[in-house]
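In the two complexes that follow, subunit A is the common piece, with subunit B as its partner first and subunit C second.
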Partner chain A sequence: MSKLHFLLCLIFFFAVACGGDNMEGEGPPETENNSFNRGEMLAFWADDIIIPAYSDHVEGLDILLESMNAFYANPSQSSLNDFRDAYLSSYQTWQQVSIFEIGKAEEIGLRNFMNIYPANEELIENNLNSQDFNLVLPSNFAAQGFPALDYLLYGIEDTDETIIQLLTSENGRVYTEALVNRIRDLNTEVLTDWNDGFRDEFVSNDGSSATASTDKLVNDFLFYYERFLRAAKVGIPAGKFSTNTEPSRVEGFYSMNFSKQLFQGGFSAVQDFFNGISFRTGRQGISLRQYLEHIHMTADTEVDLAAAINEQWQSAESQLVGVNNNFQEQILEDNPAMEALYYELQDAVVLLKVDMLQALNIQVDFVDADGD
Partner chain B sequence: MANIKQLLLLFTIISVFASCSDDGTIIEPIDPVNELVNPTTYDFTRDGASTVSFTGQTERIGMATEMVNAMSNFESTPEQLLEMYTNQTASGGDANPFLDADLNASSKSIKSKVAASRDFFSTNNAESSQIKVEIERLILAQVTEVFPNQNELAAKGVAGQIADGSSARYVNGGGLEYNQAVAKSLIGALMVDQMLNNYLSPSVLDEGLNVENNDNGIVVEGQVYTNMEHKWDEAFGYIFGAPGTDFAQPLNTLGGDGFLNKYLSRVEGDNDFTGIASDIYEALKLGRAAIVAKDYDLRDEQAAIITDRVSEVVGVRAVFYLQQGKNALANGDFGGAFHDLSEGYGFVFSLRFLKDSNTGQALFAKSEVDGFIQQLTQGNGFWDIGATTLDQLSTDIASKFEFTVNQAGS
Partner chain C sequence: MSISIQTYLHKQTKAAPLAVFRVLFGLLLVVSMIRFWYYGWIEKLYLLPNFHFHYYGFEWVQVPGNWTYALFFICGLSALFFAIGFKYRISILVFFLSFTYIELMDKTTYLNHYYFVSLMAFILMWLPAHRHFSVDSFLNKSIRVEFIPKWNIDALRLMISIVYISAGLAKLNGDWMYKALPLGIWLRDKIDMPIIGQFMDERWLHYLFSWGGAVYDLFIVFLLLWSRTRVIAFIVVLLFHFLTKAMFPIGMFPYLMIVASLLFFSNSFHTRLLKGISKVFRIPYEAFCNGMKLTASTFFSRAALLILPLFFLTQLLVPLRSHLYAGNLFWTEQGYRFSWRVMLMEKTGYANFKVVDRVSGKQFYVQNEDFLTAFQQKQMSTQPDFIVEYAHYLGDHFKSQGHQNVQIFVESYASLNGRLSQPFIDPTVDLLTVKNSFKAKSFILPLRND
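Up next is the complex of A and B:
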């Protein structure tokens, strides 16, 4: 049975491939959705969103490095403030690129090294005090990246004075510099890879299969939305995955007042990616929205899915307006408002993961973890 | 094929009915005193006192839980882990290796019941001790191979860490997580073997004067249960007796341990197998009621149902993890794949303890399971394994059951 099946599939693919060759002499085989130009969309994603967003992020990281160096050259409350500002800006620009865990970022597992929170305080202090640490190890994910910097810059000591003392101690300095350098180096490595050939590889891989760029990045986008935006930033601290709320698991826990801003950064990046808003020009190009609208028009489907998704996100944005800048405070004082935000985000998951993927004929390539 | 099978089945059923009517006699129950009472929950009493007891099973599940946890603690020594396995010192003295004082006070151990069933191992000492030693090897290799490389990145042939999502997994040079291998191997070697091949077997249930005593309501000295009742409960305990679970209504708290109960809950959660937990529970309950009613045929019919469905749980999870591992490898996710395959390794190891209820024989021969394990571990193990091998293994395993690779694999 299965051999016959396989043979039939082979013959089928062969026929389609040959047909494509004869008709066009180029490009992927034509299927119903493929009259939409995926290659053009990929080029827009790379040139107008991903690469500019990474460039902006890496510029921010250069400033972070400079302000750290300035702080060490002249430790003071004022240079600490500058260091913190640069840290917050680059944590913010990280939100622009976190979705795009593809290519070099996927290969090195960038997100694991940048933004696993809550930070592991004990591990950070052990690493710092022992000076015996290897940031390449998975066991050190929660001891580096932005959450660890958040702890060093805001949480490791009670007052700014003692924080400055700790940061400028020999051990403190070695660890802080190691963290900042690693954040900057890894992101720079990813950007360099985009500029040194991966862009073309990404754009030319314009077919429709599990390993094609569109299928992969759409999966990355969904994975980000479900796990890192909906769950990590909102659902987990609001207690949607546990018996009790977990306010200490908000993003930017130690800097306190930026968790909403960080969430908003990620949420805007999600919406801009979906709607094809150019990071360079702010104008609209070709992305998932246009793809869905194209299918809606040509296949004459009943529901305007792109509109439905945007409407759902508008509800989430409205819910977000009344939420405290400090998610931790919001959870402690009025968690139902936080839960409501979670539900608004959750309602879009079905539209994206079921309806959109079905329309685009893309298979989900990630599964829910086993949990052990 | 399926149609022919169904036709054959139908034919068989018809012929059975035909022979019955040919016979024409209705056998009266020998002892009409005990009418069958199937309670709504696993709740049996004699003179108002509960006769249900399986403390030894609860203790062993507790011991296995602590031992597997200790394998992930880099402070653990080989001596400590071995004491947890045997619940005695290396020289055979009294040991207190557990955090739970009740477990230390217990005279039971994990090792004494590994590959120790009456039906499979009472006349097969060689294989029994081989399996006991193999589990011991897996436990100790964690300390000797993996612990020294705690702060190394795993690579082909090199033990160490590998990322699975945002967590770190600790693997040997072939990508195997020993703690997963041990935990999942114990599901077969301890829980399933004791349950199916020991306590549910007539060779144990009917041993000595058990039938006579059960017929006459003679209880074990100092207890309120008959020996046969107790043996059946001990089978129940290995699947529904995890510490802290409500044994009267265990379906409400599925997933209460890290062993057979947990994976029953996982298979139950797969739409292709929904109802399996209730099937097993109901059969355990009815079989126990049948013992009270002295209806041993009904008891053995239930034992056969339990045997089939518990075996299915292990078979499904073996195929599931091999398929999940294959999918993760296809995505280049080595850490995720190794974790799945490590669990798969344990479930494959556990296949050896499954029973065919029709023949009473092992569903998988030793040579078959040894061959599977060999394919999983040869060369650089999971680093080298291919989709073809994993599919072949999955097909070989599924062919012994009624389910397909697709049904089990997702």
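Up next is the complex of A and C:
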């Protein structure tokens, strides 16, 4: 008896001593059964969506840099147009990576440097004229990235002629080059990090805690959907978060006719990520939709949540059809249509944040405090 | 009757089990405090948020800014002091007060096992846990005893029994027993666990764990009490707690419950344990085995016999208060806390607040992340008393910003144990017109598909 007691105590203290806070299983992952494999999903996200989307975006940024250099080599209306085209298409490819604020992107706070709008005109002009600026500072979020470029390329002067004059001035050139280089460098840094090991780190972190890759990226995805797609692109300009409409807060305010296209880019990226549409092949792979379908089948839940979410997005798409390419015009002329779009997006938030999070047992971001 | 009570109160037992519990419980709490600090939770949970959710009646408990670190330091130090039995009466009092104060600062962090710690510390305040194997009794021979009245240990055992049995009874509900929920939701993604991982996606395993958990909670105390089943019961305790520890982020809870279950072990076990510890640390344990009994009635023993019966009466009544309210308890959460309802539900919610000018009709929505941390948002969106408190905070905020005729409405949805989300709070009620109280919250919409 006494030996047994002693043994129990030993077991207890040994267990206390060894009981780390991460008691992750060390056995090989089970592949025989029909369980949903989070690791496979992470690999698909990395290899078929995130990395190809970043590669495409960075290629676009190389073209942006080239077209800027071509513009400065030979400033003209036509080279300005090329520069603008390259800018617009890289703003568009930005929409396909903005969701993925994880790893290096999270570390440097990529989104803050790329796409804080409305751009701060006064700050941009001060920086440009004084030539005394530090783009690393948070106080300069609204003076750089795509919105600042939007202002320089379309809004800072009234005519294309004067815009060319300003861009080619000594100060204008320094600032424009600084902005374009910074956009390209930061995105390249993120892509390089994915290729230099972060991909494996991301895929191997396939557990189900608050710090696991699935939980983190799904939280990032929802945060993007709610705050940057639903609120920033639609809700805020449509006045859903203020007493009056704020049409000047649309994305791409100075280039005018592209706010709908930019929104559509982000919205497509959201739907493709959810449904697991490969950026490389366009074919469907393993993602949240399949995960939800798997649970619907095995746990016999009330509704097919994945279908419900897609249906809700379809009605948002239908609402979007009738909306002006220029969101600002739409808000000024017929804001209820814009509000209706907001509500369609909003209805999906409940399905995503309440029903999907519960079904997938995703932990809320950054909270790894105890439960009981 | 009164004779048998008198005989019971005079019944003596070894002081060793109480001393062992004091030491292990204290040391675990020291580790808890260091761990909390080390993980940066003091900052994350108490210093970063601009706003804290208060317990009803404890709105005066405020986070003392950077002094919160001092509060945690005092709490941890007092735990160390009572563990070694140094200035016991003061250190356990300081521990109880500081720990409870910390818990009262923000109800977002409410956990049953923190509440359990507060209650155990409260009971310990009245017990002579320092009269054996302690610095106090080492330095002061006159308080040193080998035997104490048995009711002192029984009081702690009673508390543990209430916790387990209440937790077991609470599991006897439809979701837990007949749908194996919420365990089914939590287990199905744990397929990476060694050995049992391959079954984690299977419904039968969810039922096995649900029913097993209920049986465990209901009967473990009895199995620990009976000497013939005690060893096997303790093995079950170890298995149960390390299994749950491996599956869920439950922190120090398993260790607490394992240490607590040692209280059911025999005197000889505890004596031997103390002898073993003494050997390692070269403590002359024989000095504590002086054959003395604590028979005299002291201030604390008289107070304990007055206060502890009342305390246990409230402990029996408090978990029952939920029956005073209509509706599904998991949905309304009226009387949910402080009732040993542990891991009973998976609830997610979403609350979208609308600020309306009553006169002009102008309105706008609130972005919760501007005011609350992610953790606070999660807790707020599923608990009606949080929603009311937050609404009032928003009301004050927007009034101070110069908005007039402010009304606050909420469009909220919640999902309980896998049910499809449904409207939670009545969206037509101006939340500034309601207040938190013990009265039934009529603005909670009833749960459909109960």
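Quick note on the criterion: the second predicted complex is superposed on the first by the 331 of 372 C-alpha atoms of A that agree within 3 Å, B and C clash if a C-alpha of one lies under 4 Å from a C-alpha of the other, contacts with A are read in each partner's own complex, and residues count from 1 in each chain.
In the analysis below, a contact is a pair of C-beta atoms (placed from the backbone, for glycine too) under 8 Å apart; a residue touches a chain by one contact, two chains touch by 3 or more.
Since the structure is predicted, the reported quantities are computational estimates derived from the model, not experimental observations.
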Residues of subunit A touched by subunit B versus by subunit C: which partner has the larger set? C
If we overlay the two complexes on their shared chain A, which of subunit B and subunit C does A:F241 touch? Say first, second, both or neither. second
For A:A299, select first, second, both or neither according to whether it touches subunit B, subunit C, the two together, or no partner. second
Considering only the touch criterion stated at the top, classify A:S139 as touching first (subunit B), second (subunit C), both, or neither. first
Looking at the overlay, does A:K353 come into contact with subunit B only (first), subunit C only (second), both, or neither? second
Scan A:G109 for contacts with subunit B and subunit C and give back first, second, both or neither. first
Does any part of subunit A touch subunit B in one structure and subunit C in the other, and if so which residues? 210, 365, 367, 369-370, 372
Note: in the complex, subunit A contacts subunit C through residues 1-2, 4-6, 8-9, 11-12, 15-16, 19, 21, 23-27, 29-30, 32-38, 206-210, 219, 227, 231, 235, 239-244, 295, 298-299, 301-303, 346, 349-351, 353-355, 357-361, 364-372
In their shared complex, subunit A is touched by residues of subunit C numbered 39, 41, 44-45, 109, 111-113, 184-186, 188-195, 197-198, 200-201, 203, 231, 234-235, 238, 242, 245-246, 248-255, 258, 265, 268-269, 272-273, 276, 342-343, 346-350, 352, 357, 362-367, 369, 373-375, 377-378, 403, 413-415, 418-421
Where on subunit B is subunit A touching in the complex? 150-151, 153, 161-163, 165-169, 258, 324, 327, 330-332, 335, 339-340, 343
In the complex, subunit A residues that touch subunit B: 106, 109, 112, 116, 134, 136-139, 141-142, 210, 365, 367, 369-370, 372
